[in-house]
Structure formats: C-alpha cells, structure tokens
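Each structure below is given as structure tokens.
First chain A sits with chain B, and in the next complex the same chain sits with chain C.
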Partner chain A sequence: MLENFSLRTIVEYLPLFGQGLVTTVWLSVLSFAGALAVGIVLAAMNLQRGWLFRVPAKAYIDAVRATPLLAQLYFLYFGLPRLGIILPELVVGILALSLNSGAYVAEIIRAGILSIPRGQVEAGVASGMTYVQRMRLVILPQAFKVTIPPLLGQAIVLVKDSALLSLIAVAELTRAGQLLASDRFMPAEGFITIAAFYLLLYYGLKGLAALSGRWLGLAGART
Partner chain B sequence: MTKPIKGRTGMIEFRGVNKWFGTLNVLKDITLSVEPREVVVVCGPSGSGKSTLIRCINGLETIRDGDLVVDGQRLADPATNMTRLRTEIGFVFQSFNLYPHKTALENVTLAPIHVRKIPRAEAEKAGRELLAKVGLADKVNAYPAQLSGGQQQRVAIARCLGMRPKIMLFDEPTSALDPEMISEVLDVMVAVAEEGMTMMVVTHEMGFARKVAQRVVFMDAGAIVESGTPDEFFSHPKTDRSRAFLSKILRH
Partner chain C sequence: MIWQQLQSLAGSYPLALRGLGMTVMLSLVSLVLGTLIGFGLGILRTGGNRLISSVIGAWVDLIRGTPFLVQIFLIFFILPELGIELDAFTAGIIALTNLAACFICEIVVAGIRSVPTGQVEAALASGLSRWHRMRQVVLPQAMRIVLPPLVGQYVLLIKDSSVVSAIGLTDLTRVGWLVVQRVPNGLLVFFLVGLGYFIVCYPLIMLARRLEQRMGAAHGEVQL
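After this line comes the complex of A and B, so read on.
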C-alpha cells in the first residue's frame, strides 16, 4: 500500500487539512467550555444531600457513561428535528460533545471536591463561614488544583471524540481525511495525515498538563 | 417552639444533654456550667465523649435531647443563628486544619475579612500582631506545609483569636505534636487563658490544667464522672475510674 504513498497529494490537500484542524480546535474548545459548565452543575447537584437534585444527576451521568457517544450523537442529530428543533450540524455536534464530556467532567469535579479533607470543611464551619463562603474560599480553590490534571486528560479524550462529528458532516479534521480518502482513493494518505495532526494536538495538551502540574507544584499546596 | 431559658446560665451550659451515634449513647445526661473567664479542662479515656462534648458547643455535632445554651442562646432554638454564634466561638483542632493554600497571615485574616467584614488592611494589621503574639512574626508569609506541627497549631490559635471570640474550645490541641513542640503551644494557651478567655480544653496535659484551669472534668463512657479543682482531682481523685485513669497517665 505504501509503495505509492503520495506526499504530493497530501501537500495538495494541506489547506483542507488546515481548515479541518482549525475547526477541530475551536469546536473542541467550545465543547470543553460547555462540558465544564455541564460538569459543574451536575457535580453541584450530585453533592447535595437531598435526593431531589442528586438522583437526576446520577441518572444522567450513568446514562451518558453507559451508552456510546455515537449513539448519543445520532440521538441528538435525528431526535432534535423530530421535536421541531432544527440546528446546524456543527451546533448539534458541539452540544453532543458538551453533554457527553460534561458527565465525565462532573465526576472529576466531584472527586476533586470530595478529596478535600473533612477537617477543611469543619475549620470553615467553626469560623462562622456560610456554605457558599466555605466553597468559594476553602474547598474550591483546593479542589481546583487537584482537578486540573484529570480535566486536561478529559480534554484530550474530547479532542479525539470530536472525530465522530465527521459522521454528521461537520468539516473537521477527520472529515478532511475522509474526503482525501474518497476523492482520490487514498485512505493511507488521508488517515495518516490526520493521525499526525491529532498527535500534534495531543502533545500540545500534554505540554499544557505538564506546565500546569509544575505550576501547581510550586504553589505551595502540599500538606 | 421557642422555650425560654430558665434561670441564669453560664457562658456554656449543658442541661441534661444526651447524644447518640446510632445506638451508642455517647453523651449521657451531661449537666455542666462554664462561667465567663473560666478555664475548664476535660479529660478521660479515649472514646469517653470528651471531643464530642466540646464539638456540640459550636454545633459541629448536634444533640438529641436536653438543653445546650451558649452565650445566652439555646442551640436547639430555630431562631438561633448558628453561623453567627460560631463567630463567637474559636475551635482549635487536634490536626490543626489550617488552609493549606493560604499563608499563615491569610489563614488568620480569611474569616475576619469575609465573615466579620473587617477591612482587609485592618484585618492584616491585627493578623500580624496575633502572629507576633504566638511567636511567629517571621512566618507571616509561610504556607502551612512549611511550618512545624507546633507552629501550625500556633497559627491555628491565632486564626481563632482573629475573630475576637468570647469562647475558645481546644480539642486535644497537643496530641498530634512531637513532644518538644508541646510546650510552645501550651505557653500560648496559658497566655490566652490569662487574658480572661472562657476556655474548654480537652487535654491530658496536667501541667497546663494545674497552671490555669479552675476545674477539671473527668469523663468516662459518655458521662461526667467527677469534677473538681485540678488539685482535688489530681491529688485526691474520688472515684475508682478516675484513679485508674490517672494511674495510667501518671505512670509514664
């Protein structure tokens, strides 16, 4: 297969790959922002003592984690129009990624908050802080530091998951590879090239994780 | 629902207080009154309920029945603002519980600024003075992880004093410390007591009790078994249980 590997075709298609890469990056950024928003709300619901908020949050998280992302994507893509909600493919894609990744982010945030020792809560309570003050001044700043590395891990997963949006005709990176594969019957060129770009994104995020780790290590948060 | 409090009450007043953890009766019919400016030392074997006793005072634990009145307010009364009441009660933990992401000074000023709403500059000035008072003027900008156990506990005491409380509660403040650090913490506690703070201290440090406590309360199995002046209690314990307890802590 590789004896007639055409670098020239790849170069020819580079603008398309470039556009795909840019689309993948910004839709991933938007989706991750959405996932953080969904995750924070779900984590807050899941940490309540009463069942009224906790049970729906748990059910949602379980449902998302138990079903394939592709099924969720199609569920929104074909399901929303039947409810009379017509959205561009790109918006459906970002929505699906946000809602999916949000469930995982929720568990990361919850674990981060629960990792803060009980004594920290008690110290806040004993000094007369309200629940909101305790969260804002004592718990969340500490939980934030613990959650950054796993959140960046989840961001890496999200970038790779965004490849599925090629199936609903979003012109992202994987779609560019598919186009090259089908237009010129050159699947090797198409998919090896996108693999290289994903690797690039991966190392970018990994570098960010390492930087944040070093920064957090210096911030004197160890007990 | 609001029941008037009968008779005059001390700064801290337990009247027939009971508490259960499941089926375990951890506080049995506790009646105890602590006067303003009084220092009471609570001792007893582990699991006797002494920590639970003082944790009830600021509502870290709740009681099943009986009355607990603190600074003239019944804790069981729905009209009592617990958050507000807690600002009047300093609590020093066995494991310090300093905020690890804050410097010593920030630990001391956090609640004064955000709970008491004292202007930052004023709170920081007071915070520096308090840290100097506990002998840590040079550690103002240190994080807890950079401090020894004794230093952390002194910051924790300064953190409580920053709220200008009426009552200070100490839950085994020196039990987690290396022996050579115990006295630096006790010295600070003696100074606080001598300034007239109302204190309840769970500790087995008899030197401290003899020096500043007006009363020693001995607990066993959730009940107050004996109470008296430090001299009476340590020299002439009245019950078999307190004699057995004292012989164990004195032998070593």
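After this line comes the complex of A and C, so read on.
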C-alpha cells in the first residue's frame, strides 16, 4: 500500500528532478526550433506545383505520420552508428524529435497558408505583386496568426514525446523518475513527482495557447 | 555480410509475427474498449450534471497533460502497491484504453456541441426521451464531426501501443529491439518495423482524409 509514501525521499531527490526538468525544457525548445525549420522547408516543398519537390515531401510526411516515434527513435539510435555517425544519445534524441515534429509542423503551416482565401492572392496578383511579395506581405502575415495555436498544441505533444528519450538513457525528467524507482524501489514517489512536473509544463503551454488565441483575436481558438 | 544478415532476419520471422500479433491485439482491444468508454464519458460530460462533467474534465486533462510512458509506469508499478496484481499485458491494455477513452471523450464532446440547439429543442418539443434525443437526433448529426478525428485517433492509438514495449511486452517495436541485438543493422531492422506499422496505419490515415472531405462536401462546404 501507499501508506509509506515518502515525501522526504522526494525532497532529497529534488535536485535530480530539477535537473531533469531543466533538461526536458531545453531539449524540447531546441527540438521545437528544429521542428519549425524542418516544417517550413517541408511545407514550402509540399506547396510547389511541380512534383519534384512535392512528392518527396509528401512521402516523408506520410512515413513519419504512419509510424511510431519510438520506432523512429530506435531507427536513428541503432541506425546512425551503422552509417559511421556516432552521436551522443541527447543529440540523437533531439534529432528524432525535430524530424518527427517537423512533419506535423509542416501540415500545420500548409493548412494555415491554404486557409487564406483565394481572393487575397488574386488581389495581390491584380495589384502587380510578385510571388515573393504576395507571400511576404499578404499570405504569411495572415497565415502566421492561424498557425500559432496549433503550433503550441504541437509543442505540448513534443514535450510529452520527449519522455521517450529516457528509453535511450537521456537524463531528462522521466529518467529521473526511473532512477528513483530503481535505486530506492520507490516507483510511486518517482513517477507521481514527474507526472506533476509534466502537468506544470502542460498547463503553462496550454495557458499560453489560450492567451495567444485571445491576443491574435481568434474566436474559439482551442488546443 | 548483408546476405548473412538477411538470412538471420528471415530466421526471426516467427518472432516478428508474434510481435505484430501483440501490436494488433493491444490496439484492437483498447480501440474497442476505448471507443465504448470514450463515447460514454463524452455523453456524460455533456449531460448537464456539473459535478460529473468537471470530474471527467479534470481526469481527461490529467491524461492529456502527462506523457503516455509515465502513465504506463504509474499503472504498471503503482497498482501492485495498492494491492492490485497485474501483468504487463493487462497494464498495457488499461493504459491504452484509458488514453483512447480520454481523447475520444474530447472528440465526442466537440461533436455533440456542434449540433445546433434548435435540434435538441425540436426533439424535446416532440416529446422524445433523453435516450431517444441522444440516439436519434444528436449522435447521428454529431457523427459527421466525430468520425474523421476518431479514425485519426485510432492511428495515434496504434502508434502509442509501441510505448508499452517499455514494460517488456513483446510487441513489434520490442521485436525490433531484440533482433537488433543479434543483427547489428539498425537501419534495416527498424525500417522493417516501421514498414509493419505503416501498412496498418497508412490506409487509416487515407480513410480519415477521405472522411474529412466527404463529410465536408456532403454539407455543401467549400473544399480547398
């Protein structure tokens, strides 16, 4: 039973949890930046008329969406050394999260751009704007607005997904809980504490998403 | 070298089949249970009882706010401390069913809320009972909103089932992990593992897309 739930051990291990939390936060920030970069490139490729860029981008997005992140993570973790690329676990993890989330970000950006009514583009053409001007001055500023809430939703998913990196021994938050569970045989203390920390991050990001929806004047923006 | 590896891989096909069977089993059982419970929770949450709906809302938020891996560990390691003995398979089913039910609850709530109030009022005026209002008026109309994300949720569920390999269940991902210890070619092994998931998930993704287009088109909305 849980009557000997030990708050003292949790306090004792707090520095470890703190380190894990910090690691989870910054590796998520880095991965999200990577995902944005990957997503922008994929979305741009996917919106081309010609098949040369569109088909590979689509294939990549579908392949990522139809396979589990854990299999992708192991693919890189066990596969990269095979190609002679030896990277620290942490880097492999960030790479996997970026490449995985990038596919979802690409779809969000594409949906944002396609949500701009055709009339806007036509007005741009009629005003004699070039393609780049239309993109930069008409489409992207409007698309930017609608993509923010779903992008924050993806950030929430990414933070939660980062827990899987504990399975390749990255010392992040979940790993800290596992250590407490295995060193002291205190799984309840370990996993309940990290669950609380993840909830903290979740409510923070969720609040941010709600706020951003209000700032941007999007009615009924929910994540 | 590669020939030897291929032979060794071919030798582990019974293991791969077992893993695939486990993945299908886990997904199927939790998909059916999760859908039933999810619909029940969704209907209860829109039912008008404040207490019930806020308890469900809080639980759904707890599940949506924590990583699935942590949920599995909590169930697998803590339920036994509460005196509930369970094996890894049961723990996996409980975790997956709970996850699916929570996400499906949200989908169902959104669907029910999308039905115009006039419809419910008309049903009330016609003297339909609560059960008949739900079954014959609200749910059929809500399904238009519910169906595409529901299929999408099934894809997520199948993918999330890979995480239960962390508590030692021999599913498809775990088989990859076992095989790669003997056949040191991670690219090939996990390409095949990925292919296994892709074959199941990709048709479902296409179906979700088709449904989304059809449901939109059937009601005269503009398609892009």
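Things to note:
FYI, the second predicted complex is superposed on the first by the 217 of 223 C-alpha atoms of A that agree within 3 Å, B and C clash if a C-alpha of one lies under 4 Å from a C-alpha of the other, contacts with A are read in each partner's own complex, and residues count from 1 in each chain.
Assume a residue touches a chain if its C-beta (ideal position, glycine included) is under 8 Å from a C-beta of that chain, and two chains touch if they have at least 3 such contacts.
Being a predicted model, the structure only gives us computed values, none of them experimental.
When the two structures are aligned on the shared chain, A:Ala66 is found in touch with chain C, with no touch to chain B.
Of the two partner chains placed by superposition, only chain B is touched by A:Ser127; chain C is not. Between chain B and chain C, more residues of chain A are touched by C. When both complexes are overlaid on chain A, the residue A:Leu52 reaches neither chain B nor chain C.
By the touch criterion defined above, A:Leu7 lies against neither chain B nor chain C after alignment on the C-alpha atoms of chain A. Using the contact criterion defined above for the overlaid structures, shared-chain residue A:Gly119 touches chain B, although it does not reach chain C. When the two structures are aligned on the shared chain, A:Ala163 is found in touch with chain C, with no touch to chain B. By the touch criterion defined above, A:Ile86 lies against neither chain B nor chain C after alignment on the C-alpha atoms of chain A. Annotation: chain A has no residue touching chain B in one complex and chain C in the other.
Residue ranges of chain C in contact with chain A, taken from their complex: 62, 64-71, 73-74, 77-78, 81-83, 155, 158-163, 165-166, 172-173, 176-177, 180, 184-187, 189-191, 193-194, 197-198, 201-202, 205, 224. Chain contact summary for the complex, chain A toward chain B: residues 117, 119-120, 122-123, 125-130, 133, 137-138, 141-142, 145, 219-223.
Considering their complex, residues 58-60, 83-84, 86-87, 89-91, 93, 95, 97-101, 110-111, 114-115, 143-146, 159-160, 163 of chain B touch chain A. If you check the complex, the residues on chain A that touch chain C are 1-2, 62-63, 65-72, 74-75, 77-83, 114, 160-164, 166-167, 174, 177-178, 181, 187-188, 191-192, 194-195, 198-199, 202-203, 206.
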